[in-house]
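There are two complexes below, and they share subunit A, which is joined by subunit B in the first and by subunit C in the second.
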Partner chain A sequence: MNATEAALALAVLSAAPLLYAALGELLHEKLGMFNAGIEGVMLMGGVIGYMVAVDSANILLGFAVAAIAAAAFNLLVYAFPVLVMRSSQILVSFALWFIGAGLSAQLGLNYVSRPLPESIGNTSIPLLSRLPFLGNIFFRQPWPVYVAVALTLVVAFVLKRTSHGLSMRAIGEDPASAHASGIPVRAWQTFYTGIGGALMGIGGATLTLVVTGTWTSQITAGRGFVAFALVIFAGWRASGLIWGSFLFGLLLVLGPVGQAHGWSIPSSILGMAPYIFTVAVLTFRTWLELRRSGRTLAPAALGLVFVRGQR
Partner chain B sequence: MSNPEHHPAGAAPTPLGGSEPALEMRGIVKRFGDYTALDRVDFELAQGEVHALLGENGAGKTTLMNVATGIIDADAGTIAVGGREARIRSPRDATRLGIGMVHQHFRLVRNFTVAENVHLGLGGVGRLVSRRELERRTAEWSERFGFDVDPSARVAELSVGQLQRVAIMRALVRGANILVLDEPTAVLTPQAASQLFSIIRGMVAEGRTVVFISHKLDEVIEIADRISVLRGGARIATLPKEECTTVSLARLMVGHEMKEVRPRPREHQGDPLLVAQGLRTGEADRRGALKDVDVAVLGGEILGVAGVSGNGQAELAQVLTGMLKPAAGTVRVGDRELGGAGARAFGKAGVGHVPEDLRIGLSLEQTIEMNAVMKVVEQPPVRRGPFLVRSAIRPYARELLERGGLAALEVTRRAGTLSGGQAQRLVIQRELRAGNRALVAVHPSRGLDVAATQAVHEALLDARSHGAGVLLVSEDLDELFELSDRIAVMYEGRIAATLERAAFDREQVGLLMGGGGR
Partner chain C sequence: MTRRVSLRMHDPAATAPLWMRIVTIALGLAVSAIVVGLSSSSPGIYSSMWAATFGSSLGLTQVGQLATPLILAGLAVAIGRRVGLWNVGVDGQLLMGAWAATFVAFHAGGLPGPLLVVLMMFAGLLGGAVWALLPALTRAYLSVNEVITTLMLNFVAALWLSYWTTGPWAANGAQLGSLSTRQVPAGTYLHQFSVGSVTIGLGLVIAVVAVVVAAIALRWLRLGYYATLASGEEATARYAGVSQRGAQLWGFLVSGAIGGFAGVVVELDQVHRYSSALTSNTGYIGLIIAVLAATSLLGLVPVGVLMAVVVAAGNGLRIAGISSDLVLFVTGVLLLFAGAADVAARYRLRVGAPPGAAPVDAVEPPATASPVMEVPPS
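After this line comes the complex of A and B, so read on.
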């Protein structure tokens, strides 16, 4: 594996936490809710997964508990205020972020210097891993990378090709009409906040258990916001998340790679790349789409509160 | 004709078709707070009939059907479907029992295709759907009833008539045996309406039952087998259509109790102060769009505007106050042409506006005095240079309140603390003072109690006797008959007729409101 291949393989690995988190966010937004507190849920998943993996010496158990804990956290701190108490999705998102950041730092205090008892090795995909160039980049990765891509494809399929996916999209487009069609709007919103939270938590756990193999407070370093932008970048299409996450992953590794190769651009500048790109996406993506097709790709009722009997 | 008011509830004549009624509602009561929307209503729907529910706004037609389709719960009463007692707590329950409703708002997802909308919410979690399959099935339904819509079209791009047919198709696909259509023709062009009628006949030919909610007399007689008339939340009569004429239905719909119309001489035979010609608004097939309206309000008169809501009255009032720019036509205030001008120019030209919604008329967070001077803040003495003159505001406000009989009010209170009647009187006084030529008042006494209504009426008559021209939009015929010098009746965006006070006749107005007469 040459240096370019190694850098690109690292980019793909770094994409996995983003992909999980963005997939979780997509499940929120397709059902009309936006959750800008991804960062907090990722941190909770990251720290709890790490703690469980260290204490039980079982990484898989770490992932499982991280998923459940993050789902519970997201349901309690996000879904309950938003769906039951009708609180502002913006304010609750910030609460989610702050609580997740503070709580995870506190929980993980004693785990900062404790190493993982084992690490996940790479799994080579038969045949495909022998492809020149691509094999080394895409098909010799730890299994959570493959699972992220597979889950994204499953979500894409469900959204696009099943009647349930049609119902999900209808909730995000027009909850009142969905309700009038007999779709239990709030029940599905609650369900997918749980699933979405679990995915964000798995994203955080992938970061701590696979990508870095360590826990420090605020380890996500803004990846939750990058994932938020990724959903917009992908035009709310699940399949678009996959290559979008690779692109953001590439930007994420620019800093370390540049440093390792002694590029003349300061690595602190390179390190800003994903965040600058995030800002650019948030600023221009919708504008570009409006100019191109005359409408936005966002679910029409995104962020609107649905109260039964009102329109 | 014997008095149809006292048909015993159970004696609804000539049920058609099968032995068990398709739907039977008994003693339905629905209250909203103190207001009784439905008062022990009995309603029976025979299998395979088209049954029209006729009544004015607020008669309870839609409320009754909302109970039948589980959108709201009744406070009392029982429902039986096909002879069996049924509990209908949600639209899902209704769907399961084969009852579907097509609302005035069609409740379609704009960004979805026709096929997606028709099949939305059907089937289990795991069912696969291919776009092509959905479109093929939709095309079958479309052909069977002559719906004439492209299954792959995005709903946002359809005409109103097509939207309605998609909504009907959606109900049919869900297995609706009883289909409730809420004011289905209110939004339709005549062509689309006749297409709808042939669809209804097709559905009935298949043995389905249709409830047709309407206030239009002609079409009710055209399409229905039986007609139930509601008034004030009670069922007044159920008649087979052979026994109905537009005149008899209008009488039932509007009611008998006639208040005597006192003759009243005009105090001023004024010049036209507010004149509009050839007004048109919006797309021609939109509900309430004006279609070639001429109107002239004379000084010293109250011109009443009657009509079932949504027939263009709101648009007319908006155009005459500069809130809405007409697509065509001219508006003159005195001798000034104000066609495309905004609300501010109309205000300056002396047109006052008492809007339908008090939240538009008042800034509820501001003090009463600031609200009182709102229309004159750009004029001395309230304005001096770029500054507001506090010392001028208060006396102005006090004077206004005094005229409105509100002298006891503290002017520094928030306007949001006023009662509805006080707020309305404040707005009327302000608009009269600022707009001394003409006053456009939309439902000025709606929701007010008797005393407050009286005060509002006095204020309007006062404006009239001071030579202003008053345009009064109201759905309350008693109010219009009492106050107006002339009444213009609007129907489908046109003024169907204008009656002089001497010719006021409740039956005639009721007919005109329902599209009959003339």
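After this line comes the complex of A and C, so read on.
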């Protein structure tokens, strides 16, 4: 594997946490819920996965507990205030982010310098991994990368091709009509908040258990918000998340790669790339959609609270 | 017919009244205190918290110091809220304001102290406003989500600091654990007042004056009227001859300028360098300060002091195994409770109304007017 291939393979790996988190967010937004607190759920998943993996010496167990804990956290701190108490979704999003950021820092305080007992190895896909160039980049990755892509394809299929997916989209577009046609709106929203939270938590765990292999407080460094932007960038299409996350992954490794190769640009300047790119992409995408159709591709009822009997 | 207790929408735009906010804060702090108690195994954490805040003159001095940037950060967020926007980028604006001020100090260091202070303050205002320009423009003219853009720019500002403090402005023997430049000229240090054994910086006075000036400007000048129009319906603003986009743009730039100003003030008052020590989640804590103060700008001062007490108490617990980021948890819990209180304020409890009946305050038809209406058995 040469240096270019190694850098691109690292980009694919760094894209996986973003893909999980963005997929979780997509499940919120397709059902009309605006969750800008991804960062907090990722941090909770990341710290709990790391703690369990270190204490039990079992990475798979770390992933499982991270998913369950993150789902429970998202249900308690996001779904309950938003769906039951009808609090402002933006305020609750901030609360979710801050509570996750503060609690994860506290929980992981004694795990900062404790290494993982084992590192997760790469799994080579038969035949495909022998492809020149592409094989080394895409098909010799740890299994969470493949799972992320597979889950995204499943969600894309369900949303686009099944009647269940049609009903899900109906909730995000027009919850009153969805309700009138017999879909239990709030129950589905609650269910997918749990699933979405679990995915965000797995994203955080992928970051700490696979990408970095360490825990420090605020390790996500804005990835939750990058994932949020990724959903917009992908035009709310699950399949668009895959190559979108790869693009962001590429920018995320620019700093470390530049440092390793002794580029003359300081790594702190290179490190700005994913953040500046997020702002640029968000602006360009919105401008393009507004110019084309006068509105964005967001679900029409995104962020509105559905209360039975009120329109 | 049974008597029922029901909730009815009373005022969809209501925010929680003062007593409800105080109850909210008390509940939020109680929950946080329990979590802190569970997180630390060392005894006497509550007395450490007391000693770090009201229990010693050093504690009181620190509360005053911490309140200085927090009040200004709260003001920055509150101004953004006045035009209907969320400025999550105060941390970035604060650092860029301090960068601009430091630039002036390093290049015009020979000027007399007071003149240099004034120049640095202007540079700080400008630096913060410039850092808010891109989110303001994209939000006002393209409806790009300002939460994401301002937040992303916080990370850029932090990396900008790391570039300057390790590159062009690298200092020998920088303070341990933080990225810092050398000190700015000593003539720029703000005066520190002594009240008994407690020291209060001129910075705190400046922060309070800034809040009062903003409150007066929005209350008595046309600015407040424009701001109100900017955060409401677009058609209403157009009818009143006010460009909503223009008002949002200017409101957000002022918000950013105040964020930059917070950076200069804390630099001149306490840190005296361009350093990562200038902010410790200041902009994020500013969010809850603005939310709790709600529509009252003057309320920013007591809430800002309250959050300074929370941060100081948290700092007193570092040795007891409490993370300095746990203050974010407290902030989040308070936000959650404040959001719930706002919802509660929109509804009124009604006792005795049958389900689906007309509200009591509606005009009731005379009993004889409708032959199908049955008299309920009592």
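Definition applied: the second predicted complex is superposed on the first by the 308 of 311 C-alpha atoms of A that agree within 3 Å, B and C clash if a C-alpha of one lies under 4 Å from a C-alpha of the other, contacts with A are read in each partner's own complex, and residues count from 1 in each chain.
Just so we're on the same page, contacts are C-beta pairs under 8 Å (C-beta built on N, C-alpha and C of every residue); 3 or more make two chains touch, one makes a residue touch a chain.
The shown structure was predicted, so the numbers you read here are calculated from the model rather than taken from an experiment.
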A:127 in the overlay: touching subunit B, subunit C, both, or neither? Say first, second, both or neither.
neither
Which chain makes contact with more of the residues of subunit A, subunit B or else subunit C?
C
Thinking of the overlay built on chain A, is A:173 touched by subunit B (first), by subunit C (second), by both, or by neither?
first
If we overlay the two complexes on their shared chain A, which of subunit B and subunit C does A:85 touch? Say first, second, both or neither.
second
Looking at the overlay, does A:182 come into contact with subunit B only (first), subunit C only (second), both, or neither?
first
Applying the touch criterion given at the start, work out whether A:229 contacts subunit B, subunit C, both or neither, answering first, second, both or neither.
second
Output the subunit A positions appearing in both contact lists, the one against subunit B and the one against subunit C.
none
Please give the residue numbers of subunit A that touch subunit C in the complex, ascending.
36, 40, 77, 81, 85-88, 90-92, 94-103, 105-106, 109, 217-218, 221-222, 225-226, 228-229, 232, 266, 268-269, 271-272, 275-276, 278-279, 282-283, 286-287, 290, 296, 310
Residue ranges of subunit C in contact with subunit A within the complex
9, 35, 39, 86, 88, 134, 138, 142-145, 147-149, 151-156, 159-160, 162-163, 166-167, 284, 287, 291, 321-333, 335-336, 338-340, 342-343
Subunit B residues touching subunit A - in the complex, by the definition given at the top:
71-72, 91-92, 95, 103, 105, 107-112, 116, 119-130, 170, 174
Can you list the residues on subunit A that touch subunit B in the complex?
161-164, 166-167, 169-170, 173-174, 176-183, 300, 309, 311
